[in-house]
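Should a chain be cited, it is by its letter among A, B, C and D, assigned in written order, with residues numbered from 1 in that chain.
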């Protein structure tokens, strides 16, 4: 584990990604400790331009956009994280089950997985969100996770299937390992790097999905997220009002977070797939 | 054949099919075998003949689609954990590719410790270390240098010898060796074969070589089974088969002997 | 290389092909010209939000301009003037009460349909009868009507019922029942076996009607009507309306519509435009009906309805505390961009015409304004103590919240208002949560009583029956289904016997002094019980114009005295005759 | 039987099954909600109506007309049957307009916007990816992060910024709609010009994001190929660089084709939201309206169209791919 980290630190891409993410995380978690105001408090008047007091001006409600951005980023990260964890766990469990058990279970799981890969997740995201009346950010995150597990499942299954027939697994079996122990010690370590990378991508896609469905007005209730901020900006005509501060920083924040995660992923990819290394 | 020694393993009409419906094919069909204690057996066939599938069924890694394996004259049961552990104390295997036989993420000692644990011996740390040291000594390896290393720090020959050290600890009744030397350089090959024979002498162990090399089979074994398309096409005393083969497939295999090793058998 | 060229070529082809497809699928074939010249076309927005589904006024969802009150294609007997409160003659010349129960309306003999047929008393009677025969939007008037008959070809006689005597309902109908040509619709009725379900699906592509315009072209993005140069009203108005074409652009959202107004692509906008003054800051020729705040003439009171069956919310002090906690000024400034005068709670608007209908000194003690301290004291006085989280509980342990406070998603001014109410209530220890579901969910929650607090406008149309119709929507408990079933008014299920009584008496009276007494009593009941809290005033229609192309748009104080009924509704139609390039 | 035909039929059957599942989800998921769209229609119609019985009757007649009074499963069967006949039902929000009619009016716009945008984005992205992989150095160090950054931005975020900069600020392009409002669709040059003018901003914002995504994928595929043994061998053999590059590109682009198949769903979804930003009269904008009014039949119609398009695209790509690449065919034909 330590060794892996040491290798990762040598990848500039990974480091850049990590640094950007660290700056974002630092800012969004430290700033609200300094400025303890309520982000939904309407302190200025609508679309006040940036000033010394409010460095990113005010949004349509007269809320401090910068403070809102901090809380919004937190919500989005939370949604991305929960969605990522959910999708990864579901994908991992189904992939392992299909790959390791094989047979009928494999056929059924693979069929479902392939279907959900082809049926656009956006469609399911909309249909499920429309059908759920009260959405908290956790519910939104779970819905997103629900639609994004198939990729992980498919890859985990493929790798597990090939690992299952490897001789070290056979040796472990005839050394009396239980199935759980085999999965934990003989299979998981081999796919761990892949799963971590997939998890990072899932977080990024979770954040992007949240933004997309919030744009459609299907985001979580009673909270501020990056997608909801974009949605308010469009609904309250920030572009027409010239209030670029209501949507440009938000767009850049979404891009910065997913960019940092993508960078980390690319860096890891180059480490773990040495052929891609330049 | 030594009719007087006891039967340890017996296969009755073993079948293994893969796939369903129109995609179904039989990797192993209607195979019978009898392994008596002290015997060395070779199962010879080309790649795709089903010999590895058969080996896995004998080891209990694959369930036969139909047929039965008799262990010490009783139907083999692998249902409970205790059953399985009991079986694997008696029936063990060595695989072709030493590189893939190791879990890259565990240290060398884990491999040997697992064997000690399988034997359920109540030993102190010190005694365990000694046992492993002895096993490594048997295969000419320096345990104290190795035990804290990871597999990728070892050579192929060292790895395969460690696999034999495993068998040394476990002392099974039956050893299934699936092309154990095919990925080893020629000079370690002889050493390794010697170790097998030494082991057998110590424990009165049955060794089943799974191989495509009829020459090797003749050199080491008492009994030879010839396998083609999942079926045993010919069986018998090694010398008899080599001198007067009956089946055309055996004849073809014999003709190939001088050519030797066109490709590594990955099946 | 060859393949790349082929690729590029096929792309271009695809683009062209899709353009062709778009053109080909457009509904009616364009007649003659390929475009409607900008200086001959008046562009509107904000009255139609989806693609037209029909121009059939017997259907549930006819498209602009075939909605009730809109006199561009179909016309009614009178035009209501929102400012003066008068009913101006249109198809009818005059009305006269023969007695309390009989009303005679004399038609303008010049009136004819755009197919040349004269418009007679038979057509009027027939049109009203359609409402009796089928459930259509003007059916409710038949509760107060006994019969509508053609006394002669030029006079229609309306007989009112005695048991359900309601003059207001009938006068309303004279200003909004669209007169249909009998010779056309009897045939449509016959073709569809007199089955309203089938009749309602008739698209009515080219309506035969009496108004100054005919349907010309429509698709998913706009509806265009063209002037009927043979319009009978040329005599009434002295000339034809100025724009040859009127196009209503169908936007999917407010923002696109406002951008188009700003850019001069839309001349007349019935949309909520936040901070409208920013629109003319750069000198753009954009105007609202009033030159200063509140910019628009208030005609409606959006308000929050309490579910009177919810524990905690059924305590009048709690409702009053919420009412006193709300920062009305912030709602006005932030949510409504200041388009509202300070709110005076009650069942009447603060406009001079309505304010004089109640005795202001009598109701004064019951009014409330923003007073957070007062609200806290009030809650203290009933023993509602704050818990650790700052939220109060009543003596019996009922926690004050969390209650959902609900309005449809995307109604941005309302969404903002409720955010403010939520913030306000927190300050007095009441926990509210905003809930912005899709409109049908909101509507369903409201009608079935599946809400805690919900926002809606009780009867926002300017009509002769205000403020009675508004008060009825808030308070009448008769005919209101219990929680779980659909109610069409009084969604909070408020119940007061005296209020019901008053609401039944008012429509039968016409003496102003007597009415004032009754309305005052009703207002006091309202203010004491607080079944709803008005949050703001709002115009019944927004009215923002861009004079880049069309000049002389009616605004207050321009001497024409044309009401802000967006050049198409009621007396607002008169504006079409004064604008010019 | 011809093995390719077998492969084709197998794929076809699988996609058909997937479609059935999609249709089923399309039907059941939106019906889980409690809001009742009929009440909206009725309350719009019965504004001010005071006879409760009349309202009830009206309500029931609409429930009956939309088939909502039947058991859910029966509704499902009817729905399925109707879809087979190309009938998506009547839109609740645009009653009595048929959903198929609405979709027919929207699809040309969406196709006209998305197909060229996605294809051009794919092509340019792959060229750029191969180029950066080949050139390496400073070029790669700038272009790769830039492409990744653009790709990290949701389509609509880029769209809003483009709208603000080029539509509102610089006023170079119209800010929304499919064509000028003064136009009446016809085949004149001025109309086509207007369509193209309105097409440009949404088109370019889809292209930009697509370029980013494809360039990244192509770059890593190309690096993979460039580092492979055959390239080394070819170089040792003294084969000209340009030829090697062509080999590399050809080998790297094949996986990119499957990549396109797999990412096409995400791309279409992103592009649909772009339509909303630009008020473009395509499926995305309709979907937005339908969601706002909980117009089930229209929501189902839109999502079904999207699913159908994605399935069709995937199917086509797989079929063509099976034809081109013998390896795929071989693995597909294997026993399992």
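Convention: a residue touches a chain if its C-beta (ideal position, glycine included) is under 8 Å from a C-beta of that chain, and two chains touch if they have at least 3 such contacts.
Remember, predicted model here, so these are calculated numbers, not experimental data.
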Farthest chain (mean CA position) relative to chain D: B
By mean Cα position, the chain sitting nearest the middle: D
Whole-Å gap between the CA centroids of chain C and chain D: 38
Rounded Å distance, chain B centre to chain C centre (Cα mean): 87
Distance between chain centroids, defined by C-alpha means - chain B, chain D (Å): 55
Chain A and chain C, separation of their C-alpha mean positions in angstrom: 44
Sites on chain C at which at least two other chains make contact: 253, 259, 409-410, 437-438, 441
Touching two or more other chains - residue numbers and ranges from chain A: 130, 133, 217, 234, 239-240
Sequence positions of chain B contacting 2 or more other chains: none
Chain A residues within the chain D interface of the complex: 16, 114-115, 117-124, 126-128, 130-133, 204, 208, 211-212, 215-218, 230, 233-234, 239-240, 242, 244, 247-248, 250-251, 254-259, 262-263, 266, 269, 273, 275-278
Chain A-touching residues of chain D, taken from the complex the two chains share: 14-15, 17-18, 21-22, 25-26, 29-35, 136, 140, 145, 148-149, 151-154, 156-158, 160-161, 163-164, 168, 216, 220, 223-224, 227-228, 262, 265-266, 268-270, 272-273, 276-277, 287-288, 291-292, 294, 299, 303, 306-307, 310-311, 314
Contact set on chain A toward chain C in their complex: 40-42, 45-47, 60-62, 130, 133-134, 217, 221-222, 234-237, 239-241
Residue numbers on chain C that touch chain D, as the complex places them: 7, 11, 14-23, 25-26, 30, 33-38, 41, 43, 49-51, 53-54, 59-61, 135-137, 139-140, 143, 197, 200-201, 217, 219-222, 224, 247, 249, 251-253, 256, 259-260, 263, 265, 409-410, 437-445, 447, 450, 459, 469, 479, 481, 486, 488
Complex contact set, residues of chain D against chain C: 33-37, 39-52, 54-59, 61-62, 65, 91, 93-97, 102, 104-106, 108-109, 111-112, 115-116, 119-120, 123, 168, 175-188, 190-192, 195-196, 199, 276, 279, 281, 285, 288-289, 291-294
